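Order of writing sets the chain letters: A, B, C and D. Residues in each chain are counted from 1.
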Amino acid sequence: MTRETEAEVVLRLDRITKRFGALTANDAVSLTLRRGEVIALLGENGAGKTTLMNILFGHYVADAGGVEVFGAALPAGNPKAALAAGVGMVHQHFTLAGNLTVLENITLGTESLWSRGTAGAREKVERLSRDFGLAVHPDAKVARLSVGERQRVEILKALYRDARILILDEPTAVLTPQEAEALFATLRKATALGLSILFISHKLHEVMAIADRCVVLRHGRVVGEVDTHATNTAALAALMVGGELSLPRAEARAAGPVLMTLDAVSTPDRGATPGLKAVTLDLRAGQITGLAGVSGNGQTALAEIVGGLALPSAGRVMLQDTPIARWSPGEALARGVARVPEDRHHQGSIADFDLTENAVELARRAGLRGKDYQGLRRPVPRTRDAHSPSVRREHAEADPRPRDGVRPAYHSGKSAGPRT
Amino acid sequence: MRLEPIANPSAVRRLGLPVLALLATLGVAMALATIAGANPLAVLGQIATGALGSRLAILETLNRATPLIFTGLAVAVAFRAKLWNIGAEAQLYAGAIVAVLLGTGALGSPMVLPVSALAAMLAGAMLLLGPVLLKTRLGVDEVVTTLLLNFIMLLFVSYLLEGPMKDPMGMGWPKSPALTPEARLPRIVEGLRLHWGFALAIIAAVIVWVMQTRTALGFEIRAVGQNPEAARFAGMPVNAVLLKTALLSGGLAALAGWSEVAGLKGHLSQDLSPGFGYTGIIVAMLALLHPLAVVVTAVFVAGIFVGSDAMSRAADVPTYIADMLLATALLFMVLAILLTKVRVVRG
Amino acid sequence: MTQGHFTVSRRGLLIGGTAAGIAANLPLQAFAQDPIKMAGIYTVPVEQQWVSRIHIAAEALKAAGTVDYTYTENVANTDYPRVMREYCEAGVKLIVGEIFGAEAEAREVCAEYPDVAFLLGSSFMPDPDAHPNLAVFDNYIQDAAYLSGIVAGGMTQGNIGMVGGFPIPEVNRLMNAFMAGVREVKPDTKFQVSFIGSWFDPPKAKETAFAMIDGGADLMYAERFGVSDAAKERGVLAIGNVIDTQPDYPDTVITSALWHFEPTLNKAVEMVLAGSFGAANYGTYSYMIAGGCSLAPLGTFEDKVPSEIKALVAEKEAAIRAGSFIVTIDDNEPKSS
Amino acid sequence: MSEVFDILISASFWAAVLRIASPLILATMGELICERAGVLNLGIEGIMVIGAFTGWMAVYLGLPLWGGVATAMAAGMLFGLLHSTLTVPFGLSQHVVGLGVTLLATSTAYFTYRLMLPEVTSPPKIEPFQPLHIPGLSDLPWLGEALSQTALTWAAFAVAGLVAFTLYRTPLGLAVRAVGENPAAVEAQGLSVTGLRMGAVIVGSGLMAVGGAFLTLSAFSSFFFEMVNGRGWICVALVVFGAWRPGKAVLGAILFAAFDALQIRLQQTDLGAVLPYQLFLALPFILSILALILMSRRAEVPAALMVPYNKGER
């Protein structure tokens, strides 16, 4: 990576402040992005990164501060203006319509609604996908695409509009390492062509690999701005959490007895997604079994079988050497199988419920049933009023402490893994 | 514009906005009365008197609220689980049919009232079970199936009343035989129309409230409604919960028909319900699906209608003004209730 | 359009003959008194043919200053007893309406307000002991329907279509009398009978009529709005019912069986004025003999109806008026033949 | 069964089918546009009533027939504006607002009718649309009779074609389809979710009103209370039946109309003598449900149907 500190400034955020009720999501955040530069915006969940990007892109209006693109002030709250100014955004949650084709998603909103549509769109998309290494079929229905393909469509959307500034909100969170590598290749091609990139992430090794400069947010404030070549992951992590971080150390230990066995388990195909084909697997006590693979290759089917949502069409599932007969999520939980789902918003928690209620779900599944529901309600204060997106996320992620006598067999809202 | 939740809405906001909605409705009433050539100022008093101005008015308002409480509860229970039951009208008639089947001599014992009430609930429940099974098994949209069943049910009732259930002593008019005296719900006030169905409706509201807030089923219904995916992952039998919800919802709607027949009319006719099933949706949504609030909103809706209808006679304006004011009150009120909880912000 | 009810009702009186004329005049003599407060309560809009006849008769008395008439239309049967009570509480002295769908409850209200006179359409008989203030009526115009059937029999080749709203006695009775009249002339006539399940769906009534015309009907019995329109478009004939529709369809509607509510209402008002209103069956005031119904003039069809048919109509009408011939009242649902 | 066959091959039967289907097609297209944009419009029944009333009243007061159609459309759009203002930016329950709009539109039509015509006992008639004579076509033996239809029927089919074309072949249609599937996608592309949804509901409501006006300007010649008689609710079902696709929805409307026309005729057959007439009347509803069951697995429901969109919330 070559840095061009003298290159023109393409984007300037000037003391952006945004409050949601009592919560200050962004507190006088300033930032400058130059031509051909990759800036990583770092921070823990809830640090204010996504809010900042939403302001930049016009989804929110800042309470104070301004945005300048190529030297001109960007009107607030107007995604159209941001697009017209050459800002393209790849959202963390894709903004694609599943019932439309790739081409339709890309051209959506690029032509006058009252026109008959312009020719040549397909050629442009095909050219862009060649130039930037974004392989995807223009006529494929988006609903049938894999996560990685959808992200390519998102990037193509921005490129199709001739975006000069690309904002990527946690782009690698949903990608396999191979897909992430392909993404980085695309981004390098983009910067080589003079695009500027704002890259939001908390995966430090990726940041080190791709960014020229890192801006670190904590509690809505910029707490540091460093050149990538002048720092390291430990320093960045310390900046993010506001102190030294001691990494957990894994010690080798002997595997225990087999707790669960999948014996030649198969499931039917689901549309384009293949099912499991005679998968055999032992899960042992005291051992972490990792499962690698590109998404859409049977992980969901496997997780559903382990979690009790489905039974195999062939093969056996055994718990401590006993083949299972009745099998449901409730049964699985009762037998000590817990699952932290991939999508915590849709599968993990009930956002409109308060913490107690999300926790009670857990208790109920641990065999308490409804009779103790009232007793459980008392200890945790209700937090139902928290409706702003960031607050809502916090409460989905907060840790419901197990009460006395409740076995923490299931945790409904925890996001996966440590962050650094 | 964007809507932003208000963390702790002030009492002024929470009470003031609904009052404002009511005032706006009265403003519309005055405007309509002026258009129709009536005295706009007199109209306000006439609405109030018509709804609440006498013992007769109050009891009639409560009387008209009775089926609305039942259908409102039915809808509230179903919508809480995001089960879009638009078929309360059909379920109401199912309950009414059972009231006639068991109340015209088939059961003579003093048990007839409780037995026919339970059987009516069962019939309404069964009627909703079909669309819910179609939804859970085949993914058939229940809005449409429950809606269509309303029309099929009305035709079925018409068939019954002109065929097997026709009153042989009815001089050929399509209506059912009258219920035997022991199958009738007694009146609360002798001589006026308010009957014990009203008390039952209140009790039902309390029971539903307790069920929703204090039992595992109530918790499951809310969870399934909020996020069926999460509920499924948490090990809840989502389809079973939906079925239970359907049974409860259909049963409650059926009680509306049952109590109208057993308490009010004494027989079944094709026009037993002037859309109570549909109005129940309005009642439930005004109540924000809260079972106890359903009682209040049912009385409110009934009062607006009865008051406006009485006003149309007193002021000599077309009777259709009653429905106009009901609709206006409803739309103003849902908006006011929303604005008690959110504010409109820019961007 | 503004040829309002007056023209129609006056014509009705003229044809209805002397009995109606006398009955209509009687209460008018009492205009020196304050008008009686009277209210109509109808379960359908006043455009509905059946109710329109009551409404017209009441408006006529109001115009004459005999009654102070107001009305509420489109009242659901559930609300009917409430509206009755509201009118009673408001000091109304005479209530006219229809309680076919709210018999039991309506009769309770009658008992509660013994000082109010109730003249209500009902399928049941009056009960002097329980409700001395309730008189009942219905549109017993089978006489006129029968005569219109004779005319139809003379004009059809033997295939008649009949479109009804609901198979209720008020409809069945007229259809059956009409069919009897047709059979008097053409015994082997084929009848197509349909009910559309609505009082107010002229497009559906029209489609049903089209279907019958496709099925060979050359004459339509127009119980509902829309049927005559179909007949007009297809160039077949029609017979009207309850109201006179020939002015709207001069080349289509041969005649109509008219109901005149004036004798019924005038009698009731007279009794109220005299303080002697009581339980009675006013249904007979709809009979032809009382001037309660008539056959509309043939008008544009005067020269098209065969003279032997006109003679037969005249003969039967005379017999009916003389009481020597009684048209059977049959309230059963008519079926296609 | 030969009776049924005879009915099915008669030109007059198919003429009836097209007549009965026309108002359904118009209103179904209106509902389809709304639902494609993500808004369930249960105001349809009342909007059809207000369309039937205003269209007829405008012609009665002296406007030409097409002026009546335009008046109905404008009235429908006004109620569409009310519906969409409450359901789109404010995100209120589409069920409640829809039922409220139906109640308001219906009672407004009746109230206005009574104020304007207090003294009549049968509603005045207008001179309605007459079947068009199309040189060549109308003279064909079988087809000529089946296609003997008014301009408004031809317009209904043209509208269906236009809706299909717009939805699938223009940027506007693309945006409408997208906003009913994922409003966030639309907003991210710089389009206004609120504008698109409100526009769809307003235009859709205009079409519903024209569907209502068909009843008073083409199918019949005057306005009656309750004459819409549940047709709006049928259209809600037809949209689902047609899997939110204009072509299939038109087929559904024709199928429904065919059953309606058939049941009218079957009542006169031997079958009709034995079976209660209610069964025939219920037949179209029962078949709709059966059709829903048969095609349930293949339908693509707009993913954001009935889901209000509030900017920034995802």
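Here is the rule we use: contacts are C-beta pairs under 8 Å (C-beta built on N, C-alpha and C of every residue); 3 or more make two chains touch, one makes a residue touch a chain.
On a predicted model such as this, the values are computed, not experimentally measured, just so you know.
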Contacts common to subunit B and subunit D (chain labels): A, C
Top chain pair, ranked by how many C-beta pairs fall in contact: B-D
Chain located farthest away, centre of subunit B as origin (C-alpha): A
Cα-centroid distance, subunit A relative to subunit C, in whole angstrom: 75
Averaged-CA centre spacing for the pair subunit B and subunit A, given as whole angstrom: 44
Subunit B-subunit C separation of Cα centroids, rounded to whole Å: 37
Multi-partner residues of subunit C (at least 2 other chains): 74, 197
Contacts with 2+ other chains: residues of subunit D: 110, 278, 281, 311-312
Touching two or more other chains - residues of subunit B: 155, 158, 162, 320, 347
Those chain pairs that satisfy the touch definition: A-B, A-D, B-C, B-D, C-D
Subunit B contact footprint on subunit A (complex, rising order): 20-22, 58, 60-61, 76-77, 307-309, 328-333, 339, 341, 346-353, 357, 360-362, 364-365, 369-370, 373-374, 385, 387-388, 410, 412
Residues of subunit B that touch subunit C when the two form their complex: 50, 54, 56, 60, 63-64, 155, 158, 162, 170-175, 178, 191, 193, 260, 264-267, 269, 271-274, 306, 309-310, 312-314, 316, 319-320
Sites on subunit D touched by subunit A in the complex: 169-172, 174-175, 177-178, 181-182, 184-191, 300, 302-303, 311-314
Subunit C residues touching subunit B - in the complex, by the definition given at the top: 43, 70, 72-79, 81-83, 85-87, 89-90, 100-102, 104-105, 112, 123-124, 166-169, 172, 197, 331-333
Complex contacts: residues of subunit C adjacent to subunit D: 1-2, 4-5, 8, 44-47, 49, 52, 55-56, 59, 74, 192-195, 197-204, 206-208, 210-212, 214-215, 225-226, 229, 243, 248, 335-336
